[in-house]
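Two complexes come next, and they have one chain in common, chain A, joined by chain B in the first and chain C in the second.
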Partner chain A sequence: MASSTWRQSLFAPARAPLWSALFAILCALTICFIAILATGKDAVNGYADLLQGALGGARPLGESALKGSVLVLTGLSVTVAFTVGLFNIGAEGQFIWGALAAAVVGNALPLPAFLAIPAALGAAALAGGLWALIPAWLKTARGVHEVISTILLNWVAIDLVNGWLVSGPLSVATGSADVSVAGTAAIRDEAFLPRLFAQSGSRLDLGLPIALAIAALVWLFLTRTRRGFEWRCVGAGPDAARAQGIPNARCIAEAMFLSGALAGVAGALIILGTEHRYPGVFRTGYGFDGIAVALVGGVTAPGAVLAGFFFGALRAGSTRLQLVGIHPSFAELIQGLAVLLVAAPRIFAPLLARLRGRASVSATAGVGASSEVGGAT
Partner chain B sequence: MTAARNCFAYQLLALKRSLVLSLAACLSVAGCKKPLPPHTIGIALDVGGRGDQSFNDGALRGLEAMAAGVRSTAHGYETLSDAEFQALLPADMMPVSHLPIPSPLVLSGKAQEDYEPNLQLLIDQGVELTIAVGFMMEPAVRAVSARNEKAKFLLLDSPVLDAAGKKPVTRANVRAVTFREQEGSFLAGALAGELTKSGKIGFVGGMQLPLILKFEAGFRAGVRAVNPAAEKNMLVAYTGTFDDEKKGVEVGGDLYARGCDIVFHAAGLDGLGVIKAAERANKLVIGVDSDQSKVAPRNVLTSMVKHVDIAVYQAVADELEGRFTGGDQSLGLKESGVGLAPIGGDVIPAINNEAKAGAIADVEKLRTAIVDGHIIVPGTIAELARFTALQPETFGLNNVPGEIAAVPAPLPAGATSPKPTAAPAKK
Partner chain C sequence: MSESTQSALELRGIVKRFGGVAAVEDVSLAVAPGEVLALIGENGAGKSTLIQIACGLYRSDAGEVRMNGALLPAGEPSAAIAAGLGVVYQHFMLVGPLTVWENVVLGREPRRRGVGAALGLVDRDRARGEVADCAKRAGLAIDVDAPAESLSVAAQQRVEIIKQLWRGARVLILDEPTAVLSSSEADELLRTVRGLAAEGRGVIFISHKLREVLRVADRVAVLRRGRLVMTAQATETTAEALAEAVLGAAARSAEGKAVLGVAPTRAATTDARAPSPGAAAELIGRPPNLLQEADTKSAPRLVARDLVCTDNRGRPALRGLNLELRAGEILGIAGVDGNGQTELAEVLTGLRNCAGALLLDGEDGLAPHGWARDPALARARGVVHLPADRHRLALCGLLSLEENLSLGHQREEPWAHGMFIDRAGRRARANELLAAFDVRPADPLARAGDLSGGNQQKLVAARELSDLRARLVIAVQPSRGLDFHATSRVHSALTAARDAGAAVLVVSLDLDELRALADRIAVLYEGRVAGLCAPDASDAVLGPLMLGNTSAAATIAQTGAQQGRAQTEASRG
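Entry: the complex of A and B
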């Protein structure tokens, strides 16, 4: 219990999550703006370019939504794990397995499109979900802290998939010395996600409606079903939940499976949408960014949708920063700062409250955090 | 100092108004295209990015230093002085002057799925020629060049492929330059084969792709040509990546620990790790793509230079003179597309200047033999299996260890394929 207090205070939905997130993002944008000015670059045009790269026309909008859809799903992945009180840092590894499963199934099964796409997405969900069951099992059976196990399993996944499977047994073989293709064999045309506005040059595909539909379902499930309520009970107070007859281990396993499945589907969207094979170099960080999306989104499904599209737009726009000589990693700075500013008040709030002598209301930080969770449900 | 502060304050003051203005201008979509100066060239880098001391840096050198005569600094581009410009030219390139083009637009793309929007962005900005660095850009070039028939592209290291991604095709608006890396690697192999003291030579590849197998095949053929015994002992390992320096340190360190005294790497950014491993082991390493002697002057014996820079420079020059054409180009020793960088490295005392001079003379003879078509260097492992050692007297080689003269009986195909000799040093 004690070890999870900081996590609960970190993840507890703020009382006004939308406003606190917006405020954090605004502060992050301002700090980054000053940082760019301080390096002697043209921050005004940089931000204008960032905005145009994210929203200025069909193509940029498409790129933002494309990346946003993926981030919505990885953000949901982290959000779902947190409902049972687990901090899933392993979305990256689950994302990678999902991407690989989609590439393999999309290549192997000769199906018409209306079956090929669900099959590939299903395989990705299964692969990501199974990978996430490992830390769930380690947690419930052996008491291994999921932060440690999921971080480590990320590297196991990266090395197994990128370092061995994709460059070894699953790598595509080409005949001539002049044709080099890195990665797995291409998926079948039927498994390509259809582009929604192809004639406008936008790469936006079916991934957007898929991600939105999944987000809606996850939200309904977590807030409107009995099982969703049980998960939240386990997250808010495992001992109390157990006392009420809610099986903790089963809820943790189910939630981690769903969490991994969401990250896996996110991986599949990239493969089926734009890459059409598992590429030889694939280190995109969407899984890690899912943590940022979940935190800034207040660990709620609607919050993950908003934050996911915001960070997607940031990613899409960041390329254009280079046009005015600004390093694109300044966009990552905005993201990092936003997370820090969202998380920092929650980490320090109990401390500040105690310093101000208001601690008498809630005797310990733990109780304070639990009551916050309880108040939000 | 004051000026800087004034400037800062001014920018802050001007901020609100200009922010509102530029946002308004931008959101009215059409209004935001800042016109580029004429003849601007755009370049899109792959995952290695700026600073890989290898392929991407080679392409950037060709465009920034050689073609535009500028240097990239933290504060933007600086114009190079004449002396600096001449010093940057590769040793085996004719003296040239830089071209009348403005500073280029450089986009780096960390993620594979960004390549296509990056290329499209350069075209939308109105660049005259778009350079795509690396074979991983091929699908993006294929898609974007089909959509923008008027835009011109230079694709490095790969031909454009057909829709299925299998067969090379030519596009009227894409010049695709590939290199015969096996020829330069052959010379590197011959040099290593003549100079090795431990009789053990290593090769570290990145991903095991046909492109990298060209390096391996050529290198092993070069070693076999002058020192078949060393080729049989050779250790070959692949890191499986191009962007992981740590893997290069591990794999390279492993080969040195197993007794290699010279290791050739063709592993992109991983190769910088191999060079680090050479420094730790106090052994020699052969660099790749660019002259990597600056990374570790005492350890880098030479580098198998791939003149991406010259290919880029040539394409820009052709474009300015209206001679730019699409189609495939293959650059080898004959076209000065590949070659060896100046010989260096002094960590192994027995490999002294005298030994090097003899080996260099032999390598020069082999170079001539390849240029004249007397030696066809294998570019695949299958071709390598059919490649036999040389009779030293054929090309007048003088530095070949004595016992070899008897060996060059034709070997049965496949018999000399000690392929994965070194277990890849992956955990």
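Entry: the complex of A and C
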């Protein structure tokens, strides 16, 4: 009951999502500014550098958009799961499987670019989607809460892929007598995502239009199609949906598959666009940040696009912070605060309302004690 | 005891406005010790607002509240409670796993003496004893050691009353206490209320049901649109006069009275039905009375044989239920709550598994992929459902009215076009339905969860009863929590569906409602049909059946069913 209350309030479309998200981000920037000042650093220059690193020219803009594209997809992943009422904390694991699948297929299949890229993206979507079906099945068949199962499956994915596959069976050095090198072999050139503005030195690639197109399709699906509507009904009122003949378990499975597929494609964008292989050390946190993107974006597809690019810019700019001796984790602080400020009112409002209710009940009960004494005399 | 001349609770010149709208306009009311004052009026007439002002939850814009002559500070619930004002709300506030006595003392537990007091230990024996005494004095039967969640609704209500008494309430306000009770439980409650008054307590009794009001109250006060339009001694007024006052001058006698249960005879309701189904019948798009003649000879639409199922806790709910239901007939299901009514409705709508045989127009519902195995299949066969728990089972509170109206039809014209939602078609159809069923606000983009209970039910009725394919309508407690107009709207939609040829099953705890609606009444007892009765069966006939006294039931069932059928035909002929 308690969890469904805050879940529903999170799921409820905010009255003015853009508005409250902007306000939260402004507050987060202010608080972080004060925090930097408190550490005795030059906050003004720090913010100037952050801005420079995020938006100052073609290359920084490209970096922001590049990272933003990936975050848009992981944000959409969490958003899609939310529409059926599930909180997918597992985008990170699905992201990793997608990245690995893209690296393997991009390396293995000798195809022309117009086939190699879709094949790698498709494999990534499939890998991420299948991984996400595990918590969906656990939820519908066994009643395991998806927050628990998706969190735990993240670590299973991380250890299986990073700890074993890419340093063992799928490692580039396997089969040769050389010292073992972690990470897969490089993908074929045909599978590289073409860079859009290569001459300007920007690394921005085809991932941006891909992410935007996917976001548009997800938005269209969720708001305009029958099935999208049925998913939302399952999220908004599972019992009512079932009573009206909507198959809950199937909708949950479909939505979790799409959720995982989106996170998987996000992983593929990194591999096909910039890494070009699954590296030995690959801990990006894009999947986890997708939760932040979805929440700040008001759990809507357009919101995920806006929030994704904002956090992308923040990521791109944060490397510059080090130039003035400010730890780049302050950018993460901004992100965390923004989530807290956006989500807090919606998480805490029902809680506060309940506490207020309880306070008045216990107050009345307490006074009732003295009244009985009065009444008896 | 205070002097009998002084009012126990007195409201003087209360005014309350929300925005510019007056919810309560210059209302003065008083209840004396030992008096039962009934407060009646439609949903939104200002009853709740007035109560919330009295108990300090709202601050009034003008006027004052006095307990035993002493002015209560406005907007301080604790002061009202300290002065001895207790309210039993419709929605109980009990902690499920705690026992009855724990619930009663919760928040002001008696402490142990001595060392225990320093440690803040609860004196369990004393608490338990006090609660048991309190219950016994008021004549309220309760097992003080039972967990609250194991109790029936009626018993939970008794716990709430005991809670107020134990806390020393001298004036009790009961907010629609009989809305959730069966008729025998309601009778029990009315006796309790008289007993409380006999002990010198003042009672304000809020209700929609005029007949019980006249039975229990010394005086009756009627609110309409925030104004006190009538107060009268119960012995000096009639249900007709009260209905007139509640509904206003515009109230057409037949419709209002049928709904209010003032004239619950067959003749009156058939008269009432004639003008009212208009909008709903037009929407359904078939002339009423189409299938009247053929039905009695045709095969029954629904046949249930030896239905057996369990409830949510795995206990037997239906234990070999047999039932037949014909097209163009309303079958009322009476019974004390918890005798399998909910489970029967769920079985018939595909929400609950069962064993036995279930045929809809001859089609086996319990075959491996039969229609009763899955709500989607049941719906596709034309089974529609107005559940009792409409918040949970019928509506998505977070979604808009138009989205809720399309729920269940979302794959069909005009709601959808191909794989896409037909937004223009949906809007147009939603506006049509909202107007036809008088849902307020008639804004297709409003959230369903923001509607009042009556309007939520009208919304569900608009969706379910406008279904052209409706062959079997299952309505559970269709008028629970609804005011007179909303009830009348839903009732006319049900009779319109019946007249359009659907078989209608109405489950209700309110016998007056069943008498007003049904062509036959089946009484459920412990998961079986204990008897079938004519719709004008008296309490004397229904009562023993509802309590499982089946020895006499066989003969009653025979004659009753025949009478019912004969009478139905007579009234249609």
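Methods note: the second predicted complex is superposed on the first by the 337 of 377 C-alpha atoms of A that agree within 3 Å, B and C clash if a C-alpha of one lies under 4 Å from a C-alpha of the other, contacts with A are read in each partner's own complex, and residues count from 1 in each chain.
Assume contacts are C-beta pairs under 8 Å (C-beta built on N, C-alpha and C of every residue); 3 or more make two chains touch, one makes a residue touch a chain.
What you see is a predicted model, and the numbers here were worked out from it, not measured in a lab.
Visitor: If we overlay the two complexes on their shared chain A, which of chain B and chain C does A:P328 touch? Say first, second, both or neither.
Guide: first
Visitor: Return first, second, both or neither, reflecting whether A:T30 touches chain B, chain C, both chains, or no partner chain.
Guide: neither
Visitor: Which holds for A:T274: it touches chain B only (first), chain C only (second), both, or neither?
Guide: first
Visitor: Now for A:G40: first (chain B), second (chain C), both, or neither, which partner does it touch?
Guide: Once the two structures are laid over each other on A, A:G40 reaches chain B alone.
Visitor: Identify the partner contact of A:P247: answer first if only chain B is touched, second if only chain C is, both if each is, neither if none is.
Guide: The second partner, chain C, only.
Visitor: Looking at the overlay, what does A:C233 touch: chain B (first), chain C (second), both, or neither?
Guide: second
Visitor: Given the superposition on chain A, which partner contacts more residues in chain A: chain B or chain C?
Guide: B
Visitor: Quick check on the complex: what are the chain C residues that touch chain A?
Guide: By the definition above, chain C touches chain A via 77-79, 81-84, 93, 106-108, 166-170, 349, 351, 374-380, 385, 387, 392-399, 403, 406-408, 410-411, 416, 419-421, 423.
Visitor: Can you list the chain A residues touching chain C in their complex?
Guide: Touching chain C from chain A are residues 8, 11-13, 224-227, 229-230, 232-233, 236-237, 239-247, 360-376.
Visitor: Per the contact definition, I'd like the list of chain A residues that touch chain B in the complex.
Guide: Per the touch definition, chain A meets chain B at residues 37-40, 43-45, 47-48, 51-53, 55-57, 59, 63, 159, 162-164, 167-168, 171, 174, 176-182, 186, 201, 203, 270, 274-276, 279-284, 316, 319-320, 322-323, 325, 328.
Visitor: Please name which positions on chain B make contact with chain A in the complex.
Guide: Its residues touching chain A are 4, 8, 11-12, 14-15, 18-19, 22-23, 25-27, 29, 32, 46-47, 74-76, 105-114, 116-118, 120-121, 125, 135-136, 138-139, 147, 157-159, 161, 164-168, 178, 207-214, 238, 240-243, 247, 379-380, 426-427.
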